[in-house]
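What follows is a group of structures, each given as structure tokens.
Two complexes are shown next, each including subunit A; its partner changes from subunit B in the first to subunit C in the second.
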Partner chain A sequence: MTILRRLPLHPEWALGFLSLCVALSLPLLVQSYWLHVFTIGYFYAILASSWALLAGTAGQFSLGHMAFMAIGGYTSGVLGRFFGLPPLAGILVGTLAAGLVGWVIGALCLRFKASYLALFTIAFSEILRMLIRGEPQITRGDHGLHVAPLFGDVISRVPYYYTMLLFLLLCLLLMYWLTSTRVGLFLRAIREDEEAAAARGVDVVRYKVLAFVLTSMIAGLAGTLFAHYVAILTPNIMIIPQMGLVIAMAVIGGVESLVAAALGAVLIEVSLEALREFEAWRLVIFGALLVITLRFARNGLLAPVFQRLLRAGPRAESRERVVADGA
Partner chain B sequence: MELEVEHLTKRFGGIVALNGVSLRLSGNERVGLIGPNGSGKSTLVNTIAGIYEPDGGKIHLNGQDIGHLKPNQVLGRGLGRTFQVPRAFRRMTVMENLMVPALAIRPERGRQAWESRAREVLDFLTMDHLRNDYARSLSGGQQKLVELGQLLMTDPDLLLLDEPFAGVHPQLMETIFDFITTLHQQGKAFIIISHDMTSIFTLSERLLVLNSGEIIADGPPEAVKSDEAVIQAYLGEEAEDA
Partner chain C sequence: MSYFWSLGATGVTMGVLYALMALGLTLIFSILRVINFAHGEFYMLGGYASYFILNAFTGLHPLLVIPLAGLATALLGLVFELAFLRPMHQGRIERPDEYAVLITFGLSFFLLNLALALFGPYPHRPPSFFEGTIDLGIVRLSADRLTASVMALILLGLLLLLINRTWLGKALRAVSQDKQAAAVVGINSLVMNSAAFAMGAGLAAMAGALLAPSFFVTPDVGAVPSIRSYVIIVLGGMGSIQGSILGGLLIGLVESLGVGYFPDPSRALNYKTAFGLVIFALVLLFRPRGLFGRKEA
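== the complex of A and B ==
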């Protein structure tokens, strides 16, 4: 860790670089099954980190993230099924469709307080799930919509693994870039106090909608990648426990750090698989872990560990004080 | 600077918080706004600053109607305000707190130029050594200074200060006094709400007294101090002490 401190990099980036090296060499180290687990882990990492941007940075608590993921996946899948849209075009259209729906919902309910967003998005998510189940001639309902694989007849999981990893990195880079601009500053100000942010010149609704649309698009993108990887979509992917899992991943990792939320997602997905022999008890373990995190480490378990190991000057020290105070 | 408020009305359900309030400010006037608790002082400031939508009446700043603008637009027109309880962004550093209004109102000036300006402002407020500290680690008085610093970054013509001296250490109170005096000399206008009679009588050239959502007195502090209606509604013994 001393070496990391000497690197001319932000500590989070240094850790990210190390993680990347491990991730790139993983196909050489693990069996195909575990490669699949990690690929799904990266899918959840895209979802958890984008949810962390919305909730942890902008302070907007949405329960509809999995619905936007499903919009992306189903849009691409349905257009491929009925119009023969190729997967790459489907990924683009699915991502845009999620963003468009995100914009409509954001414009409708982001003028109100945060609790309305949570209520509205959970209702929206359930209505969408019912709609998908209720229109089997289009979505094939509970039978599952078959989606064309991204790499056609290729059986190996390696290309899918690298594709999911690539998109995870691109999403993280995009979100990091956004948080480093003035938009990121405004989103954090909105999270702290919407009324005060408005009094300090921030167009609160505009930036809330912007964050909501962007994170909806990222969720939609994750959905399209997932659909073209597993090649089948069912409405079960957007049930409330799935949304809870994404939130738990972000919270346990650290909801105010995009990298911590992403790593939290991968670690939890891998751990859930590793502990599969414990059956339902593994869920009890993670439930307890979530409760402990919320009670004793409100900035997650990973984010404070990064900060403690890699002190990054007065700002990090001050941040630690805040975390220690239970911010 | 010209602020013109005409017959301003604000209701919350059946309660009339402001009942046809009219006032006019020009130049770099330093106006004190006093009145008993619940008289409508903060509501008046919140309505002028765009936090509340008025139910009736007009608000003009430098000839422009600002009555239905959002708070960020009002700040952009040159009217800034502080809050009764300081509302600095607690999990952001002091420097970041100052950068928010600067980049929101005039992003074209660029981050580096604004950071230099923020250092000057913090120096003026004797807070430069705290620039990397999180706002929540500061005292209440220091957080009030951060709010004043945020206002300075946008260089408003009119500053609405809601209880700037409440709960502030005497040394910081002096800094806030100097802040107001210096900016007044630079041509800024002020509306200052305060229950601290000594400070408000010292600072104000003109006093407005609100009671039950209506202005019951408007004039020089000495005249207001001896106004029968004001003594009855608010000052009482305090006038003799001040």
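== the complex of A and C ==
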């Protein structure tokens, strides 16, 4: 027991380690179809957790997260179609393009109160979708833009699964690191009281734009990964109900915790597949759950469960220490 | 030149309908300080309500159904306001501004999916108000479109009367200007919140019911009109009634003229709504409080 105690096995890490083991061994446990479901689940997890960083930590509401996802995907897809840009370079360029558009919109809207960002981004998202539909010579519109798969002729889904998982973990680590630095503190201060934060010397607009650009880039990255996995893009991926779904995932998971939002996304994506027989009613159920969660459980439904698990941890640890000290 | 005037006339006939819908949003914002992200879904429900009421009572004239559709949706809005927005104004919700965005967007997500599950993705079309087209001299419009515009104009007039000439209107204006002062003279702002939200929902629904014979109803039919309304209230100034009427007419004109003079006519319609986004960006850059807005943004 003493050896175990000396290992840095904090309950949080134990929980993370356990889920990571499950995620890593999943290709051995489930069929190819469910592997696909989980891959899409990780795609949504990247979107939901980055939206949660913006909304839950920085208190800024973008309703155009799916538009940035689509900018990433379409940038890479269109450049690949016309200039033969290879997928890896496309992932990089698509991510940067989403960040650039995010910077322009952020600089335009974030000088004002939060509601302008929500209004502008929802309008931007819907209008961008109409333009993508309306310019089929470039984007192939509703016929769908064919995108080169990341791993060429490989049919197996396993490499795609691990790629999406890897990028999900990288994004989570990056965002987790950001929230634990001074910047994270500034963002939380801005969320709680913008004027007070400004009075204490926080450059409010600058940090809001920083958070918006970063999360837009992460959404763009998710879009490029998605495009080079499913190999076809249609404007339907960015309809407003898709944005609603990502918000439902983040809120039901827990908008103030990145990991809870990500797990909420995976859980909801898997349940949507498992409940296939209910067809259109599935989203009605999750819509109702979203509204009820917002009203009665602001921390989400998953985050409190984690907190209980984690709180149980240190208490057990300290009890053990008391026993050890007594002996 | 006659081409210009006919585009202008089309723009104005649509503009009054845009104004009607945006006015609902303005009413809600000026009283509750909430942007209703489910406004497009109220518009959509108005269309479905008129379709199903007319199916149930076949003898009714389609025009008589408009107020009924508005009333039905207003009731739904009232229930939502009481259950989800009133607790916020009673101080029972942390960070109310964020909650307001998410809860109305959540309602929109719920209603859209509910409509999809109940009615399916296929378009429904309620019967015409009047058959045929009408020649106004400068432009020929379908009788349905013209009826919708005339009705919208009447409804706008009635609403202005209500706001400017009745006790309820005075109370609403008082709450929008200063909630505490209104409370001192005995106006219950919670009741006004419910009234404003129900009226706003009803206005959107009547706009939806008026346009349903011309453009059909699908679960996602509210997306474009709601986005247009967001542009209009920002352009007119958040919470300003004259701003949303003028803004509605302006956006109607800009869309009509923009499409009419677009260099490539085959693609012009795709850009119709995009002109609004350009206006949105210009307003944010040069006059963030809009045409008639109070200084608070």
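Observations, loosely collected:
Everything below uses one rule, namely that the second predicted complex is superposed on the first by the 297 of 327 C-alpha atoms of A that agree within 3 Å, B and C clash if a C-alpha of one lies under 4 Å from a C-alpha of the other, contacts with A are read in each partner's own complex, and residues count from 1 in each chain.
Heads up, the rule we're going with is that a residue touches a chain if its C-beta (ideal position, glycine included) is under 8 Å from a C-beta of that chain, and two chains touch if they have at least 3 such contacts.
Just so it is clear, the structure is predicted and the values come from calculations on it, not from any experiment.
When both complexes are overlaid on chain A, the residue A:122 reaches subunit C alone and has no touch with subunit B. In the overlay built on the shared chain, the residue A:272 is in contact with neither subunit B nor subunit C. Within the superposed three-chain model, A:203 lies in touch with subunit B and out of touch with subunit C [touch as defined at top].
Shared-chain residue A:172: touches no atom of subunit B or subunit C.
Of the two partner chains placed by the overlay, only subunit B lies in contact with A:185; subunit C stays clear of it. Counting residues of subunit A touched by each partner, subunit B versus subunit C, the larger count belongs to C.
In the superposition on chain A, contact is made by A:195 with subunit B only, not with subunit C.
Applying the stated touch rule to the two superposed structures, the overlap between the subunit B and subunit C interfaces on subunit A comprises residues 191.
Subunit A contributes residues 55, 59, 61, 63, 108-109, 111-116, 118-120, 122-124, 126-127, 130-131, 133-135, 191, 239-241, 244-245, 247-248, 251, 279-281, 283-284, 287-288, 290-291, 294-295, 298 to its touches with subunit C in the complex.
Contacts from subunit A toward subunit B in the complex involve residues 182, 185-186, 188-189, 191-193, 195-204, 313-315, 318-319, 321-322, 325, 327. The touching residues of subunit C, when paired with subunit A in their complex, are 35, 37, 83-84, 87, 93-95, 97-99, 101-103, 105-114, 116-117, 220, 223-224, 227, 230-231, 234, 267, 269-271, 273-274, 276-277, 280-281, 284-285, 288, 297. On the subunit B side of its complex with subunit A, the touching residues are 49-51, 70-72, 75-76, 80-81, 83, 87-93, 96, 99-101, 103-105, 107, 111, 132-134, 136-137, 150, 154.
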